[in-house]
Structures are given as structure tokens and as C-alpha cells.
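By written order: A, B, C and D. Residues from 1 in each chain.
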Amino acid sequence: MSPLSSADPALIDDLVDANHILGMQGVLDAFGHVSVRHDRSPAHFLLARNMAPAQVCREDIVSFELDGTPVDAGDRRVYLERFIHGAIYRARPDVMAVVHSHSPAVVPFTVSRRERLRPVCHMSGFLGGGAPVFEIRDVAGDGTDLLVRDDRLGRALAQVLGPSHCVLMRGHGSTTVGPSLKLAVYRAVYAEVNARIQSQALQLGDPQYLSAEEAQAAMASTEGQVDRPWALWKAAARAIR
Amino acid sequence: MSPLSSADPALIDDLVDANHILGMQGVLDAFGHVSVRHDRSPAHFLLARNMAPAQVCREDIVSFELDGTPVDAGDRRVYLERFIHGAIYRARPDVMAVVHSHSPAVVPFTVSRRERLRPVCHMSGFLGGGAPVFEIRDVAGDGTDLLVRDDRLGRALAQVLGPSHCVLMRGHGSTTVGPSLKLAVYRAVYAEVNARIQSQALQLGDPQYLSAEEAQAAMASTEGQVDRPWALWKAAARAIR
Amino acid sequence: MSPLSSADPALIDDLVDANHILGMQGVLDAFGHVSVRHDRSPAHFLLARNMAPAQVCREDIVSFELDGTPVDAGDRRVYLERFIHGAIYRARPDVMAVVHSHSPAVVPFTVSRRERLRPVCHMSGFLGGGAPVFEIRDVAGDGTDLLVRDDRLGRALAQVLGPSHCVLMRGHGSTTVGPSLKLAVYRAVYAEVNARIQSQALQLGDPQYLSAEEAQAAMASTEGQVDRPWALWKAAARAIR
Amino acid sequence: MSPLSSADPALIDDLVDANHILGMQGVLDAFGHVSVRHDRSPAHFLLARNMAPAQVCREDIVSFELDGTPVDAGDRRVYLERFIHGAIYRARPDVMAVVHSHSPAVVPFTVSRRERLRPVCHMSGFLGGGAPVFEIRDVAGDGTDLLVRDDRLGRALAQVLGPSHCVLMRGHGSTTVGPSLKLAVYRAVYAEVNARIQSQALQLGDPQYLSAEEAQAAMASTEGQVDRPWALWKAAARAIR
């Protein structure tokens, strides 16, 4: 039995919705991707074939092994950066879903050598003490295309992510993880919202960030409400499909 | 007779419209809420159950006592921060409606230690001499989840609000009040508009704010026109419902 | 025969379209207004009754004398600031249409004491050497509601406008004029576009503005193309009506 | 046989789609234009008649000689700046499509004397070492309308473009080229995206740009994926037509 056919159909529906939600929220455009760990086979994950997230249908979902090998893609192209997902699932058993994005307010934080992405409000407590930054030059030198295009780079990224929930990628984007698909989507959306707010706050001057304790407590509280944005976003995404 | 069934049905319709308007205007997303004081029982207020404002229907409206106790929620979840509303209605008999929001241009002003939210144009005269800021650490220490999750915090917030029409909440959002539902909605929208304009004006440099006298006069004039935006916003919100 | 019934019906259609276009382009929200001089009676102008521009229909158009007296409003409310229009039509026989707006990128330029609104690109040559700023305190002292609510203030505004095509109003908005309705609308839209671009250019640093000669030449060239945006905007506004 | 009738009908369809895509993405408004070199006659190019790109239909496409002479426009107006296209096609045999735009985040980079448009992320590797800037005063003096309104100015622009993929035009806009229509459109969209991100990154402070090697490698990788955004954008543009 293929991993795809043994997966919970509701999980595949959620993954399709997640693709559409992230497109509609402006977190993903034609690029970037979202995956979920297989619910019955933790050594597999589900991810769309190579296409724009907003256009993904059930039939476009493919299953992968954790080293990035597609199981049932057939002759369809797959994402160059699927290794991001597999390497994180291997390194982090607690992670059930991964979003890789180039959301526009986050990218400036990947290149600034002066400011880090840090939580400015309770909605983004998951940013903790600030998101770490993966500099691909540290592992592959200057001259790459900046893509995490093999498992070695995936492992290096997972190492910089460490126990965090979000890792920035210099000159590229970010990767956000969660203990459920809904939470990974929520965090990807609010990483972008936080980036916009933090940029403005820095211009106003001298922002007060959440303390580590506040970030932890706020994360627990707000993330317990995750069904609320998910219901709103799913309805909105389905209305324009 | 329950408070809900004794309320003016038109008031409940307006409250549903207010939820949709604030969602459509980007003042509320999946979070935040708007309430109105009961028209016949000033010791009660009406507020939706725990859900995204844009999705609220008549059936989702619940009545509450001023200490935040839900009267007719049944087994439905209610908002964690309903205490904001009740505490302000107790402290401010003139207040008939309350909006609690995380609108994105206002949040930076809650964390900047350099600039305050002040009225830059006649539409936001209600900001008077500038919005006060509630620092939850002053009453509950460092380490909270930043939420006004009990009546004691609600009372502390109401105290910082004082006689103002808008109070900022550090690392969290803002709460706006009015002598009618329409005016509370109007002020929540224009607090956000003012924040965007003030941020830009500060970047251009050395903004001239409204004087206290101008703010007072402008508030009286523009708020006498409140039926105009309400009619526009209601029509727009109903068109996409 | 009333001025309204003697006006060219096509002019009234254009005025309704202008209201919708300016609403859709974000130049007007629930506030602000656009007028056109009567095509056969230059001592009258046409303007909607007191309502949101996006909702204006043919039946809502009223005619006014140049001192701001409504001719055929009946018992309908009219705009408090109709005096802006009348005073400019009196002072400037070349002006055939007037837009008064609070468009959000322009307002910061009305309050900054450091930067003026100046043309940064060929589309906004009509800004010439920079837009003058009307400070209501100069004529009515500190403590007004900032509105041009009588003919004396209207005349003072027209005086500051002088021979320009756009005048800023401190803490309030702007007024843009043109030799035709289409050009007044075009200039109101591109005053806002220029403000956004100039704000960004000032942040990048040391912008090169158009010289006076460039502004004049660019104005002539681009404004000869005004039917192109008008056709686009009209089609878009009618599509959502 | 006229150049228009000998062109591949699919190419004309793509050109119509390109017009709509660039309108919908906010790269073109009522102004700006996109052309493609004739697929069978490299000494001709195809471009719409003088109109807003979002409204272009198959019947609006006209063919031109490389000196800007319209072949089959009849009595229809053509764009004043068609010389941009012809001059570049003459100077650059590798170029198959040209987009001329005033996209709003790019224009500030055309006037700032402090910052250049440079690639901050992998999506915009085509910006290489930074986009050159065409200063019309260098060839036509101060006092022009800033438009490239004859072949002499077109040749001067093509010279500043040199071997690059994007040239900025001071106080005006930019021109982006590609070896295919899809890539010219892609680059015009991501020049705008890069400009927004770079502006924010400069405000955060001290951005790390892509090195020349990274820009080259990233361009090759991401542009090999160009069918993905094209499919998404085409579907979105057709959905609202």
C-alpha cells in the first residue's frame, strides 16, 4: 500500500486547504511550499508536486521519504527544495508540518546585519528569543543559488533551526514548523505579520519586545485558539476557489 | 426574560454588521472583538461567542454580566478577554460600545518607547492629547501572556483608559470606546488610519499635531457625520457576505 | 429652468463615474468630494448631496451657487465644505473641476515641517515646483475643526492655491483642480501616487526631483493621454457597481 | 502578408495575457506597455495600440518595424514610447520581449542619489550587480518631458541598458527585457518585489546583497521555474477578465 493511499483523507484535504490559505494570505506566491508528516507513517511526508500552491488539488499531492525521494510522483516534477522538509522531519520528531516561504516582510530580516526578527506582540510568541538565520555561505560557500537543493543543505538548515519554530534563510526566505498543520500555517502567517509590525516599530524607535517568559506564555494562550483563524481562512480560501 | 431576548433586535443586527465591518476594514482579523451595552439593561453587554468576527451571525451573540460572566452562552466557548468590555462598561457609564483590536498600524505604537499615538488629522480628533498605554507588567509583572484574562486586569486597563476614547496595550493592541456602536467602530477604523499616517509623517519629519482645541473641535464636527461611513461600510460588508 | 436640468446629462454621468472612480482608487473614502462646474452656467457647480462618494447616483447630484448656496437640495443635507469648490471656481475661471480628498499618502505631507510634496516622476508634473500648504491657523487661529466651513475660509484656501493645481491643507487633506473633470480626477489619483513614491524616495535618500521645465513638459505630455486612465478606471468602477 | 497575420497566434494570445498579468500584478496601471519580438520576422515586434494594458484584446495588437514605425495601426493611436522597444530589439538580438513600466516601488530607486536597485534575494538574481540608471538629461538636457519619444532617445536608453536585464529611467520608471515573453514578465514583476524588499531592508539597516556569483546561479535556477508563476498569473488574470 502506497503511503499516499494510507494517509487520512482528511489530512490531505487539510493540506490542500493549507496551500490555498497560504496563497490567499500572501505568504506564498507562485513559490514556496507546505508539507505535513504522514499520519500513519512518520518516515514519510506529503507535499504537492512542483506547482503554485494556490492551484494545488488533491491529485497533486505526492508522498516523499525523509531523504527527499518522491514515492509516487511518477513523471511529475517535484520541488527542488523538498529536502528542507525531509531533513527537518528527521531532526525534529515533534514537528508535524513545515512551511517554506519567501513572504515579503520577512525577507528583509534575512539580509539585514543590524536587526533580527523578534516577537513584538502576543500573536508571535512562537518567535521566542528571535529567529536564527541560516547563512548558506557557511556550509556551501559564496556562489550558490541559495536553494536548499540537497539533503546535506537540508541537514545544515535543520541544525540552525535547532529547537526553534522559525528559521530565516539569508537572501531567500524562511521555514516555519509546528506540531500540527494548523499551527505551522498560523506561525507562517504571523511571522509575516510580526515582520511588518516590527519594521514599523523600529522606525518609530526603541521597541519593547516580549520577554522570553511573555513569549512562552503568549504562545501557549494564542495557539490554543488556532481553530479560530483556521476556520476563517479556510472559508475565505474556499469562497474564491 | 433573558437579557438577549429583551434587547432591541436592531441593536443585534448592528452588532453583527459591526463585526463584519471591522473584519472587512482590516481592524479585526481572526482575533479581536466588538461589544455593545444592552439597550434596556445597562448592567449587561452583548458580544459574540469565541469566533472570527467576519463570520459572526445573529445566533452567535451572547449576553454577559459586567463582571464577564456569560448569561446564555450554554456550552459555547467565549472570548478569553471579555473582561475588557465589562470592566470598561462599569467604569464608564458614558460608554455604549467597545472595540478590542490588534490592528496592524497601531501595534507598533504600543511598543515604541519613543513615539505616542497622537492625532495628525481632523478625522482622529478623538485621540485628543494622545492615547495612553497600558503596560501589563505594571500590574501583573513580567511573564504574563499579555491577555486581559480576568476582571482585575480589566479594571487596571479601564483605569489607564481613564476618560480617553482609546487605550493602547503594550505588545498587544488597543481598545477603543464610544457613546454608540457606530462611533466605537468609526474610532477603531480611524485609530488605524491615523497610525498609518502618523508613521509616515514621522518619517518625513517633524509633524505638526492637532492642538487640544483642534482635536476637540474636529471630533465634534467629524463625528456628527458618522452615519456616512457607517452606511458605506455596511453596504460594502453586506455585498461580500 | 433649474441649473441641474439644464446641465449636459453626459456631464452628470461623468460626475457620478468620477465619484465611483475616486472611491475605488482609495483617494476618497466615506469622506471628501468631487465637483464639476456647470457646462452652461459658469456661476453654478454640481456636487453630490452629503454622502459617501462610492454610493452616489444621478439622483444625488445637487447644483450650487458659487457662494455655496444649494439650489435644489431640498431637505437633503449637503457637504459642510462645499465652500472649497465655490471659492475656487470664483477665483479661477480656468478651473472646471475640483476634488477635495484626505488621501492617506498625501496627509503626512500636510503636517511635516521638513518635506514638501514635489514631483518625483513625469506622471505628476502638475505638482510643478511643489504644492503650497494652507494653514488654517493663519486665518482662523488655533482651535478650529480644520474644516473649510464657510466662504471666508474658502477664499483663503483659494488664495493659497493661487495658480497651482493642488493645495495641501494642514492636518486635513488636499484639494486638486483641473481644466476638465477627467484631469482633476487624474491629478487627485497621481498626487496620491506621487506622495507614496516620494516618501519611499526620501527614505532611500537624496531624491532628484523634476526641474520646473521638466514638470511643465511632462504635464503637457502625460495629460494629453488622460482618456486612457479614465477609460480603464471607469470600466473598473462600473464592473463592481 | 502583413507581419501581424504571419505571427504565431499563440504568441499573440500570450501577449494579451502578458498585458493582463502585468495590470493585475500592479506593474502596469493605465500606463506602460509590453512587447514581444515577432517569432518569424525578427525585424518586427508586436505591441498593443495606445490603451490601458488591462483592457487589451487580440484585435488591439499592432506590428511595428524596429525604428518604431507602425505597420498596421491604421488610424489608431500608438504609444509615444514605442521607440524603447524597437531600439532594444535592434541592439540586443538575444532579447525577445520588453516591458516598460512605472511600477511604484521601483520609481524611488530611479531618483535616489544614494541607493541603487540591487538583488536582495534569489528571485531577483537577474538584477546582477545592480540596475543601471538612464538619465535623460545626459542626452537631451534638462527640460524634456522624460519620455523616450524618438529613436535617438531609444538608442541612448539601449546603450545604458547594455548587457543588463533591467534599466531604470530617472524620474520615470524602468524597462525590463528577457529571452522570452514569460521571462520578461517574470523579471518586471520581481523587479518590483525586489524594490519593496530592498527598501525595507535598507530601513532595517546594512543589507547583505547577493554576490555576483550568487546572482548568476540564482537567476539560472529560479528562471528555470518560470512556467509556475506564468500558469498561476494567467489563471488569475483570466478569472477576472
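Going forward, a residue touches a chain if its C-beta (ideal position, glycine included) is under 8 Å from a C-beta of that chain, and two chains touch if they have at least 3 such contacts.
None of the values given here were measured: they were computed from a predicted structure.
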item: Given subunit A and subunit B, the chains that contact each of them; value: none
item: Fitted rotation between subunit B and its twin subunit C in degrees, CA, nearest 5; value: 90
item: Chain whose Cα centroid lies at the greatest distance from that of subunit A; value: C
item: Same-site or different-site touching of subunit C by its copy subunit D, using the half cut; value: different
item: Distance between the centres, which are taken as Cα means, of subunit D and subunit A, whole angstrom; value: 32
item: Centroid distance [mean C-alpha coordinates] between subunit C and subunit A, Å; value: 46
item: Overlap residues in subunit C, where contacts from two or more other chains coincide; value: 203
item: Pairs of chains satisfying the touch condition; value: A-B, A-D, B-C, C-D
item: Subunit D - residues contacting subunit C, complex; value: 29-31, 50-52, 54-55, 80, 102, 104-105, 107-115, 142-147, 149, 170-173, 199, 202-203
item: Subunit B to subunit C touching residues, read off their complex; value: 120-123, 125, 193, 196-198, 200-201, 203-211, 213-214, 217-218, 220-222, 225, 228-229, 231-233, 235
